[in-house]
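Which chain is which? They are A, B, C and D, in the order written, and residues in each are numbered from 1.
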Amino acid sequence: MFKKILIANRGEIAIRVARACKELGISVVGVFSDADRDSYHLHYMDEALWIGDSSPQASYLNISKIIDVAKQAGAEAIHPGYGFLAENSNFAQACEESNIAFIGPNSKALSLVGDKVASRNTVQKVGVSIIPGMQGVGRDTKHFKEMANKVGYPVIVKASMGGGGKGMRVVYSEKELEASIAAGQREAKSAFGDASVYLEKYVEKPRHIEFQVLRDHHGNVVHLFERECSIQRRHQKIIEETPSPAIDEALRNEMGEAAKKVIEAAEYTNAGTVEFLLDGQRNYYFLEVNARVQVEHPITEMVTGVDLVRQQILIAAGKKISNKQKDFAQRGHAIEARIYAEDPENDFMPSPGRILYLNEASGPGIRVDSGIYQGWNVPPHYDPILSKLVVWAENREIAIRRISNALSNYVILGIKTNVGFLKRIMETKKFREGDYHTHFIDENESALIRQKEKIRNVLIAAALLASEKNSIMTQTGYATSAQVETTPWQELGGWEICKH
Amino acid sequence: MEYRFDHLNETFTIHLTKEKNGFRARFRDDEYRISDLEIQENMISFTIHGERFAIYFARDKDKNYMSIDGELFTIKPAQISKSGARGISTQSDNSVASPMPGLLVKLPVAAGDKVEAGTTLAIVEAMKMQNELRAPSDGVVKKVNFKEGDQVDAFVAIVELEPPASEK
Amino acid sequence: MFKKILIANRGEIAIRVARACKELGISVVGVFSDADRDSYHLHYMDEALWIGDSSPQASYLNISKIIDVAKQAGAEAIHPGYGFLAENSNFAQACEESNIAFIGPNSKALSLVGDKVASRNTVQKVGVSIIPGMQGVGRDTKHFKEMANKVGYPVIVKASMGGGGKGMRVVYSEKELEASIAAGQREAKSAFGDASVYLEKYVEKPRHIEFQVLRDHHGNVVHLFERECSIQRRHQKIIEETPSPAIDEALRNEMGEAAKKVIEAAEYTNAGTVEFLLDGQRNYYFLEVNARVQVEHPITEMVTGVDLVRQQILIAAGKKISNKQKDFAQRGHAIEARIYAEDPENDFMPSPGRILYLNEASGPGIRVDSGIYQGWNVPPHYDPILSKLVVWAENREIAIRRISNALSNYVILGIKTNVGFLKRIMETKKFREGDYHTHFIDENESALIRQKEKIRNVLIAAALLASEKNSIMTQTGYATSAQVETTPWQELGGWEICKH
Amino acid sequence: MEYRFDHLNETFTIHLTKEKNGFRARFRDDEYRISDLEIQENMISFTIHGERFAIYFARDKDKNYMSIDGELFTIKPAQISKSGARGISTQSDNSVASPMPGLLVKLPVAAGDKVEAGTTLAIVEAMKMQNELRAPSDGVVKKVNFKEGDQVDAFVAIVELEPPASEK
């Protein structure tokens, strides 16, 4: 087993990994940029080394510097967390070349799954579906018609150079097809200067279902069931749950076996996630492999009882997965809500700044993986994720109530957060019924707007606070006369005594 | 006593009267009886007609951040124009500022440049999000207060404009 | 199902119960004494009603007042928590007479299990052992010798009027017996004015093992396995774990079935705990039934996935336990540490007072059931329990590391707590090996003393804080000139602006 | 610079010297190099010879409460007798105080009573624990500062004694 691991990351995931290391008796080396000199993750490290200025390029993305400090500290392995260098095959290779274990897939598998075309080909070879459609530009109307009939309506026409919805047309029947192609071509031409379009099956009301897989260096592979991550804002997952309300036992087993096939075909090692799109007719299509520990990994841990980060370390150290597929089971229901520093009342604008007051949720079935503390100045340089609120309960109904109550008691003051927005999602009928898909937030915009009535109690509170200043002073004894006298602390160090 | 607060460009008024067992509050056309008021360091709680409310708060120099049932509100004392209360300096109408603090990654204009409405004046990046700041109207760049690579605060003028020469 | 429940308690257990109610969609009514006007549990209540001045007798033990406010609020049920009126059969009866459901056992069963002699008789009738020995005062030497031979040495001579170890003598062989009886009688006479002594089997290195049982009003009964609570200070449990390292599957099943027999014999309903003493030869002896939700109930919840407070409410509402014994299983390992306001460096003296800073442990596998908040003045009138730190992990070794790390990050400043003491227990070889019993703390006193070396870093920190005052001001921007100017808040309400 | 602190009736001295990249601290006979010092509102962290330490702290008017690895320490600036530093008023030698705040449940003596060493002078109860306060030596009760049922603070004289008449 490793004696010392360097964690090439920051925030909540760096703390998550540090905890797993310490529980294995492994010493941890943390790294920090200029902006992170006072960051919370350093409080969980046995050593802390500076890696560059505040920009991600100069620090957390700086491969040679990170390899250097790992050598300097004598770390035998590096855990990359998620984001930054986690899926960078050059980094994995640099680790391999420096005889430092990269806690993640081998660099060859990492390259393969990072290449969209190569990974789609690999997946198809083992009989797992991808979204059917043209592999390149459509030639003529006949070609489009044939393909549309082959994959079945509805289909979608997309600009080859496209992105952001420009040149896209959903087509529900053959009689609309020709006109849609022409419209798509016109729009593509004007947006990208290239009229090329192609066609694929349109997955209606798609649900994002992913499977957690573990594979060791001895060829043992198991899946740890699914996570549903269909609640997304701007393609960013914000709420995840497991089990998915959309799949049953039979489909779960089928998709789980498909995910294992994908991982085996890629000769992938360590923890990985196979992402699928699921439609309303039980069809599922491979999307991609996420070659890292996922932000949403805790919900799998809550229902299976398996510590995924610990498994990552054990697998990287060459240990065998001793349990068989049949040894794993889902118990109860887990939901994660990602807490971001952003303002839902102002177009989700990022909101760095000082945390004046912090009271994180706690209690039965509640897990908080947090990277923040009261008094900390959230820097503007990195991802806005602050922490993750995860709940477990005996069933989905209780889990939703539990996370909703926990959000009510998750208090971060001084910056804007999405806590209230997350709670509003939990309270929608659609979410409660499990009847949602990846367009949920767009389609339920009006139900997610903050209710105006809440302001009444806030204003009354503000008025009471303003009026009650004197009684506070006496009631709670904050400002007694003793505190304005000279005290030994002042004589010693000149502290400004400022009780509150 | 009357208390006036600003919240998201709106001004709200609360009338508060001390009574024997608490307070009477008036908001819009309704009256509320408030009892069992408790104020702690960062918490205030009270009962309105039998229902209990707990609100967390933290104060900055000019703002009160409050949280109720997970919803955040930032409340300021209302700017009282007739009195001598000092206003907080904010951006002027003919300047452009970022709605979020962040890194000034692009600043394609310089003092003296003529710009049309909609021209990108600056790009500010924070937490992996880029925000483009555009000219609200035609004009001439009067002053540029930062340079590329600077860290800028929210609501601080980055570029100041003046009307085009012809309008002067 | 109940629509409204009154919680006749305070602190962490009142919050625990409130959460369970809210998750069932039940409205909660809290109560408070004068000392608890600003207590944290009220923040979790939909209504809060005053029940008396600060003394427990006037408030939380005031049966008629509590019944009155329950009626006034229209509560259909009362949850008593633990302590206070939880095991008071008069209270249970008063509830029954007022047509308010008492969430606990029926008053008849409560009376029975509260009566030591009656419960021992009941238990013996169904074939469960009690500690063998005399049922009354020893008559003469012959009587003592006969009984000692019958139960086997070692035996213990105890004062009939006794308590606190006075008049107690452990006897290892017959040749010491006569002298020990005489010595015990002399000591009993001088301590209690009554020389009567009796004899029972001395259980050496006893372990405290208890079984959680649930029984509904339809006669269904299940046990949810054991909790080991042998780490005690002055007969107060401070650390509990499950599974117990002392019992195996066969003994677990046997003791579990014995516990169910006891509960059935007492016609007990709702959640109850059957306590046993276990010796080194797999003998176990019934001690008593705890007729309430236990402080340590969370560890059972962590390994079984069953929400015990929810079950209490459901059973009280007449619901059936739908699962059979075979449906329950223990998964992983859980440990609880009770956080008390007391000073281990000063004979565990209680330490009420203001909490100046609070940062509670959190993260994977960590649950905190807390009743405190930063800024709160812990009142001196009630039990010193502040919160409970509970961890779950895949196995015992990881669970111990996890709770040890969590204790390191459980920060309560301004009052004294036992956090460091609990951590020292976790770090002893004996505890790590599971080799302990109820005398653990006395026998390991020297290993539990705080190491002197820790002070070095604290003193360096204090010196650095005193020397660095100026750089703090600028580095972290706490005290800018703007803050000493007049601000709108001051003009509005005269607040003392005091940023920190 | 030299810093002196009191902790549990002991006085400790730390010498601190500012250096280019941090500090040098001397404690007893050892020297420590301190780098990467960070101080936040309630946290201080630094590196000593490669090892990182994080300590939480909170200040009262005369005490600094600190937590390291779960262990709590209460540190006070040392009482400097030669300087003009004002001492904190504590119980005098011939008075009896409670080591914990609590309720004064029994006070069986009155001014003028003769007491022997070991006589119970008061019983203070807090958090379900009773603490008996006994006379440290023979004497006469000079003054009783509270009555039964009063709430008393820690280290505040409850009963004041004077030597028995014969010794005067």
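Operating definition for what follows: a residue touches a chain if its C-beta (ideal position, glycine included) is under 8 Å from a C-beta of that chain, and two chains touch if they have at least 3 such contacts.
None of the values given here were measured: they were computed from a predicted structure.
S.K.: State the pair with the higher C-beta contact count; candidates are A-D and A-B.
M.R.: If we tally the contacting C-beta pairs, A-B comes out ahead.
S.K.: Determine, using the mean of C-alpha atoms as each chain's centre, which chain is farthest from subunit A.
M.R.: Chain D.
S.K.: Using CA atom averages as chain centres, what separation in Å is found between subunit A and subunit C?
M.R.: 38
S.K.: Distance between subunit B and subunit D based on Cα centroids, please, to the nearest Å.
M.R.: 47
S.K.: What's the distance between the Cα centroids of subunit A and subunit B, rounded to whole Å?
M.R.: Their C-alpha centroids are separated by 30 Å.
S.K.: Of all the residues in subunit D, which ones touch at least 2 other chains?
M.R.: Only 3, 40-42, 59-60, 64, 77 qualify.
S.K.: Could you pull out the residues of subunit C that touch at least 2 other chains?
M.R.: 38, 43, 359, 373-375, 409, 465-467, 476, 489, 492, 495, 499-500
S.K.: Quick check: in the complex, which residue numbers of subunit D touch subunit A?
M.R.: Interface residues on the subunit D side: 3, 36, 38, 40-43, 45, 47, 50-52, 54, 59-62, 64, 76-77, 79, 85-86, 88.
S.K.: For the complex, which residues does subunit A have touching subunit C?
M.R.: Residues in contact with subunit C: 15-16, 19-20, 22-23, 25, 38, 43, 298, 301, 305-307, 310, 331-332, 359-360, 362-370, 373-375, 377, 393-394, 398, 401-402, 405, 409, 465-467, 469, 476-477, 479, 492-496, 498-500.
S.K.: Spell out the residues on subunit A that touch subunit B in their complex, using ranges where they run on.
M.R.: Answer in residue numbers: 341-342, 345-346, 349-353, 356-357, 359, 380-384, 407-414, 416-417, 419-420, 422-423, 450, 454-468, 471-472, 475-476, 478, 500.
S.K.: Can you tell me which positions in subunit D touch subunit C when the two form their complex?
M.R.: 1, 3, 5, 7-8, 12, 14, 16, 18, 23, 25, 27, 32, 34, 37, 39-42, 44, 46, 48, 53, 55-60, 64-75, 77, 99-103, 126-129, 131, 151
S.K.: Which residues, counting only subunit C, touch subunit B once they are in their complex?
M.R.: These residues of subunit C touch subunit B: 30, 37-38, 42-43, 45-48, 50, 373-376, 482-483, 486-489, 491-492, 495, 497, 499.
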